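Next up is a structure, given as structure tokens.
Which chain is which? They are A, B, C and D, in the order written, and residues in each are numbered from 1.
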Amino acid sequence: MEKLEPYYHTVQYYETDAMAVVHHSNYIRWFEEARLDYLKQAGYPYSTMEENGFMIPVLGVSCEYRKAVHFGETVRVETEIIKFNGLKFTVVYEIYDKECQNLHARGSTEHCFLSKDFKPVSIKKQAPELYQFFWNKTLHNR
Amino acid sequence: MEKLEPYYHTVQYYETDAMAVVHHSNYIRWFEEARLDYLKQAGYPYSTMEENGFMIPVLGVSCEYRKAVHFGETVRVETEIIKFNGLKFTVVYEIYDKECQNLHARGSTEHCFLSKDFKPVSIKKQAPELYQFFWNKTLHNR
Amino acid sequence: MEKLEPYYHTVQYYETDAMAVVHHSNYIRWFEEARLDYLKQAGYPYSTMEENGFMIPVLGVSCEYRKAVHFGETVRVETEIIKFNGLKFTVVYEIYDKECQNLHARGSTEHCFLSKDFKPVSIKKQAPELYQFFWNKTLHNR
Amino acid sequence: MEKLEPYYHTVQYYETDAMAVVHHSNYIRWFEEARLDYLKQAGYPYSTMEENGFMIPVLGVSCEYRKAVHFGETVRVETEIIKFNGLKFTVVYEIYDKECQNLHARGSTEHCFLSKDFKPVSIKKQAPELYQFFWNKTLHNR
């Protein structure tokens, strides 16, 4: 399977706080940016998922902060799916500087699949290709 | 008609930016907080409006910044409806410090009424009491 | 030692997302609101800390989401310091509905003490009362 | 003088609200993104300005909303400086879809130059090249 591109984000001024560094809550938003970019690159843009009637809410999140990021800097987010059992999956993220020399932060999010009326969805039936994609991505982790 | 209470907001750390003052975009969010609090006090909470099938989108916004606000300070927002013609209305805001001695900012927002399918709504028919409320509030401005 | 009050937050419209629930990143911001309110109640407002020359950056964060929160609802955040060794401390949070009947989310943040030039600070020397406060709060966890 | 490139922004999920469109406050943030990108393209990145000891705070902002923007869409922001007198300047923005067929919004921001201790700065002295840049950009508006 082809390797997906990392996600790049350039830090905006409104993302900084009074310590003159990026506010820690924004890293959680960058995880979302990177995750949705990842799914889009894989051929499953989130807007299509919503049209197909399901959502991927966040069940849990964690982030470990190593090195502050400043306004104007560009970060590179590496994204990987590490667990998948057909119902839930876990994504891990590493946030580097542009040149990939410093690790700024790393973290994870856990997700499930829900229908629009907030009920669990079996993507094996409703989105078999997406199921296969997740399965292949996480094959080595079973 | 009774006078409504001003709205108070205590500045959060995540609302500051690298200049160590509140980022200017947050004032627009405080206008929304004050506007929805105003409607709630008047007996028309926005959640009820959405349940009744209409929305009040923002058509325009303006803000003039006078004096920066810092983390931990509490601001007092005074809200007034100044125009209403049954289809659109304009709200003006003044943001003071807690003791109301300094004007930090002032601004306005313009709105219309829309149904859930984004079509204009006549609140005169669908929400006659709300219509009457707006009419009374802005009587002196006709 | 006296019991501190829980923190209440009323959900703003701008905190919702296209799923019509609060975006998950905002819980991390509520943790900050609750944490800084907790320190303020304890007599150590963060603005005073910054004036005294030190900061409390976030080293890590985690959150587990149980039940979505909607616009207009008020949540109650219970905050507790559970670890402290003089250099680092951990805070845990539980987010309930106003009446404290449903658990919406729970999580934690880890912190250290830094000087304004981003160097580790010994609060035992520089802020002995704050040190004593943390020590007392977490006495039972040693 | 060379023409600068428009600024592109892809809408993130966290920028949407419960109406399933972008929250209106985010357009103000996009104005900032576009403005700082414009200055960067012109050779005056804001981080350099801050290093040189001055800031460009926002004195006023306005935005007129025409057509909602949705998650996943990419907008194109066209930026122009329309007034400059050495002390203050005004920037106008037009937000289009990617193909530039629909106008989503337009607005403006007004700014001055301040030193780090929040006092007015004469950029004619302190940053003559920046002064010249602004002067040339707005020559036709005098």
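Convention: a contact is a pair of C-beta atoms (placed from the backbone, for glycine too) under 8 Å apart; a residue touches a chain by one contact, two chains touch by 3 or more.
Computed from a predicted structure; not experimentally measured.
Taking the mean of C-alpha positions as each chain's centre, the chain lying farthest from the centre of subunit C is D. If each chain is reduced to the centroid of its CA atoms, subunit A and subunit C end up 25 Å from each other.
Centre-to-centre separation of subunit C and subunit D, using mean CA positions: 35 Å. Mean C-alpha positions place subunit B and subunit C at a centre distance of 29 Å.
Residue positions of subunit A with contacts to 2 or more other chains are 13-14, 18, 25, 29, 32, 71. If touching chains are joined by edges, the resulting network of the protein chains shown connects every chain directly with every other. Interface residues of subunit B, counted against subunit D in their complex, comprise 18-19, 24-26, 28-29, 32, 50, 55, 57-65, 68, 118. On the side of subunit C, the complex with subunit B involves touching residues 12-14, 29, 32-33, 36, 45-47, 70-72. Interface of subunit B with subunit A (complex): residues 13-14, 16-18, 20-21, 23, 25, 71.
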